[in-house]
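Below are two complexes that have subunit A in common, paired first with subunit B and then with subunit C.
Up next is the complex of A and B:
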């Protein structure tokens, strides 16, 4: 018997536990990425001499190196300086920091995507600076920003599997543990794959619907 | 840093393996991207449907799952791949699925007038695609393919999971053997960063060389940071 249904049903609860942790990591990680990314985008937007350049380098460096390499570096380097976190905390922090470099660019592109005419019109109407931002620029840029952020969220969901490298028992690690202890690889990896697929496919359909709904009017 | 110098040959070996994986992966990615992307534009559902399923399955599952599936689960079905072969295969199929969307999207967004002009000139659908639509689309695809290329480079680090001795694998190895952590991992990150920058520069050169509209020269910043869309929405 190549594929065993009994075994597949047997391991389902363990994998569902892993999936639940994966979902929680994705929620937390995206929370960090959204806030930190906004901070980075604002600093870069303000063009503060040294600081803004530093954050541009941050975005470049984080985007130019693999998440796995960052995860290993954080997990092994920090303890040598006496900074100790659990694998889970390190993993969530690194994935959040990694994605902040992407969300920062999404915010920037969204704001720069608002046509210059909108700024000029606001100026011509002598709207105060704050109202220009709050009523003109942000509402229009948010329409382009939200679907892209949604896409990154789905991407992060799949990337959490990388945290299995530092023994965070999310979905992928659960599958690996099962495969190693039961010497059956086909069922755990196939079911894990299906779980990733079902969630990320559904989520990407939702993002597509958002994209259509928020299609920019300008 | 002396540890890094002492083990420099391992780093060079890792760098070579990473470069090899990236280049072989890119070749397969291009083949997969054009095959699946063009199939999705076909009038026949026999071609469209399988290509849609392929793209969604490979985009919808983690690349790590795919690696483990091809390397550890396939033997249970009687097929044992070598680590390098499984690695290149998964890199090409995974990134190819993303790039297929780039191919499909770019070709589909050519102005209608081009297709109409081809029909008026009596070109067959195959000629229209080969002589007009694809050549026009390639410059427009370059920025997105640059992103895919960098993603591919970063994805090669995951191939360390199936025991391919590339850069991440060997860095971990050096660290385990020497106990030297900071310098080893810093070197690894810097090498990846340098490679990613080199790819971004190469993409920029290609973009400038093949730009249809020479007045709007692609900027360095855009080449380095991408358009903000990333691989998912591309």
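Up next is the complex of A and C:
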């Protein structure tokens, strides 16, 4: 098969559409993962009977099963119980939930990295609990948390390709559709690959910069 | 010097008079087989400056941590101004209550390892509790913080963050931070033992000024024997979770009754 510039330019808009959807899925999915993960991490840290154990199992379960299996289950099995959402909504939700288990662990490590003396000083000053979390503990864990979260974000960007398995027309699915209908696979897959590469490489440079910015100062 | 406390203390020195600031009655605490406090009885009068000495592991820090509600006693009663802070008499499991939190506000603590908030400037460290707990306006709190920073000799370092300060400076900020809540009781847990020798003096000087000028009740765990002798109304010798003996500093340091105290003092002073 010989590369055709003409064909490549022809399919570019379709692939850009796919890329745009991939980017939006990543943004939304990470949004879910960041908020849900923080919630899970705090509940686990508080060691609330039953609830904390439940969330520990949640993390174990989500991390212990393949993302693809979770996506399939949510899209093909849940509807048989009457729970039905569009492929896109299902995909974003599953990828967000999946990553929340990882972000929860990142937060946990960050929270546990704050020395006990900080909690004790806050208590000695009678600071309200919420204030202690928001202004003393979380800001100090940020240093360790931010760069790792950045790496997960880049990884999620690539993992969105899995949603092509449930017909979400993101970048991978766009390339696949083009390849099937035009019977030319070289250009769609090559261009899609370059798009993934350019974005994730750029993003990983950003993460490196963040790492440097938040590098421990003492 | 700004007013450090909102109250006036009675001038009692033996700690067993009618007014009591801190009371431990038959307090026990253990971790597994390690009986850290054994039916401890211990009293501090308002305004009294008490130094606690004793070997490592004898339960000195545990006493302070129980007062800070960082640990829960297994048995006994701990009161502040005769209001129960912990009521575990008969082994009852005490719970944290609103009343307890109100009592806790009367107590400030200075830690061995300073425990300043490293991401906040010195003045922010001092302002934090007055604004968040006492509901002071930022301007008033800043003014109070600036006065206190002056008191500890750090007016030039208001906007420095703890990692930019020396250990001695950090501990002085920590003292200012504790004072900002105008506590009736100030606890010190070996405030100079994490410091390089040349920085100890500046911290002791600040504590000495406080001890001599403020009517605050002060309870200090220390290995600085000369300092304890100088500022304390009373020295309490601790061992194995019990008071071995106590009395005025000249008595304890010059002429202790108990062999245990003699041995301990000899060991410490020979270092």
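By our rule, the second predicted complex is superposed on the first by the 194 of 218 C-alpha atoms of A that agree within 3 Å, B and C clash if a C-alpha of one lies under 4 Å from a C-alpha of the other, contacts with A are read in each partner's own complex, and residues count from 1 in each chain.
Just so it is clear, contacts are C-beta pairs under 8 Å (C-beta built on N, C-alpha and C of every residue); 3 or more make two chains touch, one makes a residue touch a chain.
Keep in mind that what you see is a predicted model, and the values were worked out from it rather than measured.
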Partner chain(s) touched by A:139 [first = subunit B, second = subunit C, both, neither]: second
Touched partner set for A:126, first subunit B, second subunit C, both or neither: second
Partner chain(s) touched by A:20 [first = subunit B, second = subunit C, both, neither]: neither
First, second, both or neither for A:118, with subunit B first and subunit C second: second
Touched partner set for A:57, first subunit B, second subunit C, both or neither: neither
Partner with the higher number of touched subunit A residues, subunit C or subunit B: B
Footprint of subunit B on subunit A - complex, ascending: 2, 59-61, 63-70, 72-73, 76-77, 80, 102, 105-106, 108-110, 147-148, 151-152, 154-155, 158-159, 161-162, 164-165, 172, 175-176, 179, 184-186, 189-190, 192-193, 196-197, 200-201, 204
Complex contacts: residues of subunit A adjacent to subunit C: 115, 117-118, 120-121, 123-128, 131, 135-136, 139-140, 217-218
Touching residues (chain side subunit B, partner subunit A) in the complex: 56-57, 59-66, 68-69, 72-73, 75-77, 150, 153-158, 160-161, 167-168, 171-172, 175, 181-182, 185-186, 188-189, 192-193, 196-197, 200, 224-233
In the complex, subunit C residues that touch subunit A: 68-70, 101, 104-105, 107-109, 111, 113, 115-119, 128-129, 132-133, 163, 177-178, 181
